[in-house]
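Chain naming follows the written order as A, B, C, D, E and F, and within any one chain the residues start at number 1.
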């Protein structure tokens, strides 16, 4: 992976706050290191208990701006109605071809969470394959693109993949800006418990890893290394 | 992980040829990049069908020399008698304190293989913890040491861990020297099928990864990354 | 299972080359022992990077002929658009009732592969149940049929089911004819790496099993034996 | 597997009644088809709540006679004291070399059962490997032997392996003789609930398989088939 | 959980007899303890081999009456055509909002069973989430509702979830009334084997648990306890 | 489970602080509800980096007193030398017969943690079975005893069992007293990070469960319920 050019990261979220809660601290870190980040938001959260679609879009655009990410909204059938159809995957493949990211981030595939999360995760996984196949009729106007890696993020602790190696990233220096990014979603802050859950989760993981705060991603694919010189160290404090 | 100093790798094998067959190509690559490598061999293969203990020790020393590794033999009860006792783990912890490696490599923990392999794997895993605890009486003469990472290698396809993310390393340039290292174990070459199994396995994995030949390791711990800049790419050809 | 009549095998593939790459050697062996084999191909590979639909159909028909199999193409929505809907399963159930196979072969259910593969696998699994239920309105013109067994094949190493017992079949004598069958897919042979991957995978498995070349299938159901006289032997070389 | 000679089956049990309860019906069937069967009993059940060691040995010898099996008792440290040490595995390897079985049966490896069961299962698994290695000093007086297959039986429902393909055998015709064999263990029949558990379990499995009564074994290894002509049918009634 | 008011249980079944076969004995017990029970039947079994839709509806209504449950039939596309779409989940969410149950019961999510079973299970799982989100447009006429618990039942032994803790309920006193409830489905009693399978399964489980008959449910979520005073005891007879 | 008598809980810990860190808050709650609690500590932590054995015993006795638990120390070979032998399980069985607990708590069986933790967990699991068998010679002076339940606690997040249903207990009111109990282990408080890890973990779990703080246990056995009236509610906030 060439290190002297700007990395490009494409992140999909089902609802306006999923990305910020699930991997916001990591993205702040990457943005700080010069990555180009693009958010794709698959609904306006219009089925949630709090917040109008307009309000939620504004909150989300503000948060993306704080992260330094560009943003677009896709119509995937509406909040709570996102299914993992091939048509959705095809639409995602189109965005992947447009954005040509190095890294792709998506919600985890765990089924026992908000069903939109898993639907988006699956459609991203499949869309990343479709983006490579040059013969797909409706995608032909866009150049085929192969990403480097797809990683999953977990919006809640219950959505963390089981039985896969976690990739843990130090976000100690991002903790304050991350709180700010999450707080953009004012309509979801009736209580601050959801924000606090994320910070507490990050603190627990950081203490395990020997840093202050951390956030994890999960790889669905085997990982390729040039040599052990670039191998990540293991988390072995306990 | 500081990249401008010599990495130190400590590798445990149950029998004289396990290391070469299970992760020899990776070690050749690391040696070529300047790593300091030390082999610990836990038996002289004296229970195998072919080869005397003396012959097997010579073969193993020759192979280590080709890799550029230093080598020592430990008495762990004898070939086919190695158990994963705490006494063995304590002995391994002692070696770890002496060698102070960055990386530790051990046979995988899969139970349905030669029982010595799994025993050594478990004792290395436990020994790596014991090496850190400063109060252990019989280890007090040696300074406590915390490794960076423990990775497992699989001596046969059936020993590959299931449900853990594989770390795949390109060994295309090492394939010839690796054949040479494996061939040092002349007593085990009655037929060349065992060597050929390893090369065929490596070729299959390489073709999956988009290179000529590859060899995999498995991490038992979550992995810690400074940022996504250093994240390995995923294997996604198919 | 009566051994003195011709076995009937029905094989589903998502794309024109899936069957040949995933279980072609096994089918050549079965054909050689007198089995009646029928291919159902669920697309013409029209979304692939290479090869026109017409060319791919011709390649596939040629390959089927080499295997000695009859063949039909189904319209399942098009290459890269095959979903595991009940309508597809119902269509597959209709074919199962027509062909009345003893054995059914389908792509594995692993999700992290070309999404069409998994879709076809699931629809075959469900279709095999629907084929038995006598009251299904749109299938009433065809006699209900219960297959003996459903086995899954893996088109790539990454599609091999984890945590299920593999059934490994010696295909040493079929290796040359299998190469020939795979080579029929000339449009996919821009490089020979895909063919070589299959041969290398088969060689690796064969060396594990103590033969020259082998190919595996996986059973999704518990297996029923009249007695241990007919139990397959275990693979225990290592 | 040559079918025109007498099969040889070696079965290990931790306690005097384990074999009869866990796979007695299968063994009665095999004996009826001409198999030579040998029981190795690793304790005299002297730590159980009911029955003296002398009584339990007599019960076990009577049951073995009903099955038509020869029998021997090994001293493995005593009932409730059997550990899976290499010394025990070595002793088992010696018996395997003496008996030269085609098939080996052992208690399942599930840990959450009577600890002796799992210990014997592990030691049999390891002993089957040791039996093959020609260089093991203390076994040199006995010719090395490679078995064809190792299968596990489950003494209780909770001991059934999870995530492995079950091999289900029709024992409908053996149900009465099996009851008789289990009833030999009169000291364990204070209530008939344990015998009834086995019969009820067998009935439940038989109804699933479409026969009257059935008993399952589990293979720890991949299975090797000459062709699909000899493949067991799947259990697919529901 | 307040114990001095009537509990409310909502149960979904794909076909007219699924509930009775899969958790009928548990429901009889709960009804006997004063629970209010409502059945939702998602087809009239019109694709089954035996019984007309009219007959099956009558059978089901009779069975529900014996249980003391109210009942409704939903149109989910028809027997053998039930898919786990968001539209179905939305419809189920509507019923959940109407019925406002404490407990929700659904068929297990195991895929290798009648595909309607798994579809209904998934749609109930997702519907239980949707029932809570206040902003969903088409559900706005009904008050949002959060259930206490969702448990899964297994219609056949092959549908029992693997790797999740079973919750086992003593139904010894319900065995006769349960037989009666199952027998209401006269059209499915061509042979009594299906009924007998359930009774045999229940007997096997009861013998494991130290009672006469038992039936199990499985929780998809972590369980919340006020204290260990209310913790269920473990099943540890063997 | 009779609720009008004092419950008895027996807890095993490998080192002087394991119980307090792994399940201290739960025990404080149980003690507050009148349970009789007994600690068995299997070493004096003499191999740890900080604290003399004498100091650690005093710390542990102080903590147990704060919990209101009686305490005893067993010699299991010494800190970092505890193996899961049958002799240790037999010793534990003796304590179980003496204490006659209703509930038994032990460290989880996850292998990738301090090896003493897993060893103690396994020996408790096996000891709980041995405690029931009336014929065991060296235990005959003590009356056989069958516990009601065995639950596992996780000393670190990495030790939490995967794929088993968690039982989550509200410890919001115990959080301050729990901090006090953990703080008794002054020698382990060089930094307060270990204590903070536990509190942060408990906070994260509490936020998931809708309370302030929570702690989890895991059941190794199926759970037995009289009826759904006593079933714990599911954790379903997200």
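In this section, contacts are C-beta pairs under 8 Å (C-beta built on N, C-alpha and C of every residue); 3 or more make two chains touch, one makes a residue touch a chain.
Bear in mind that the values here come from a model prediction, so they are computed numbers and not experimental data.
A.B. asks: Out of curiosity, which chains are bumping into both chain B and chain E?
C.D. replies: A, C, D, F
A.B. asks: Based on which chains touch which, give the shortest step count from chain D to chain F.
C.D. replies: The distance in steps between these two chains is 1.
A.B. asks: Shared numbers divided by all numbers used: is that above or below half for chain A and chain F, i.e. same or different?
C.D. replies: Same: most residue numbers at the chain A-chain F interface appear in both copies.
A.B. asks: Rounded to the nearest 5 degrees, what is the angle of the rotation that puts chain B onto chain D, matching CA atoms?
C.D. replies: 120
A.B. asks: Roughly how far is chain A from chain D, going centre to centre by Cα mean, in whole Å?
C.D. replies: For chain A versus chain D, the centre distance works out to 51 Å.
A.B. asks: Can you check how far apart chain C and chain D are, centre to centre, with Cα atoms defining each centre and the answer in Å?
C.D. replies: Here chain C and chain D have centroids separated by 35 Å.
A.B. asks: Find every residue in chain E that makes contact with two or more other chains and list them.
C.D. replies: Residues 114, 158, 163, 208, 220-222.
A.B. asks: Work through the pairs of chains, note which ones touch, and then classify the graph as line, ring, star, complete or other.
C.D. replies: If you draw each chain as a dot and join those that touch, the picture is no line, ring, star or complete graph.
A.B. asks: Which chains touch which?
C.D. replies: A-B, A-C, A-E, A-F, B-C, B-D, B-F, C-D, C-E, D-E, D-F, E-F
A.B. asks: Could you pull out which chain A residues touch chain F in their complex?
C.D. replies: 113-114, 155-159, 162-163, 193, 196-197, 200-201, 203-205, 207-208, 238
A.B. asks: Show me the residue ranges of chain D that touch chain F in the complex, using the header's touch definition.
C.D. replies: Of all residues in chain D, those touching chain F are 45-50, 77, 79-83, 111-112, 114-115, 158.
A.B. asks: Considering only the defined contacts, which chain D positions touch chain B in the complex?
C.D. replies: 85-86, 89-90, 109, 122, 125-126, 129-130, 132-137, 144, 220-222
A.B. asks: Report the residues of chain D in contact with chain C in the complex, numbered from low to high.
C.D. replies: 1, 3, 7, 9, 26, 29-30, 33, 35, 103, 128, 146-151, 163-170, 209, 214, 216, 219-236
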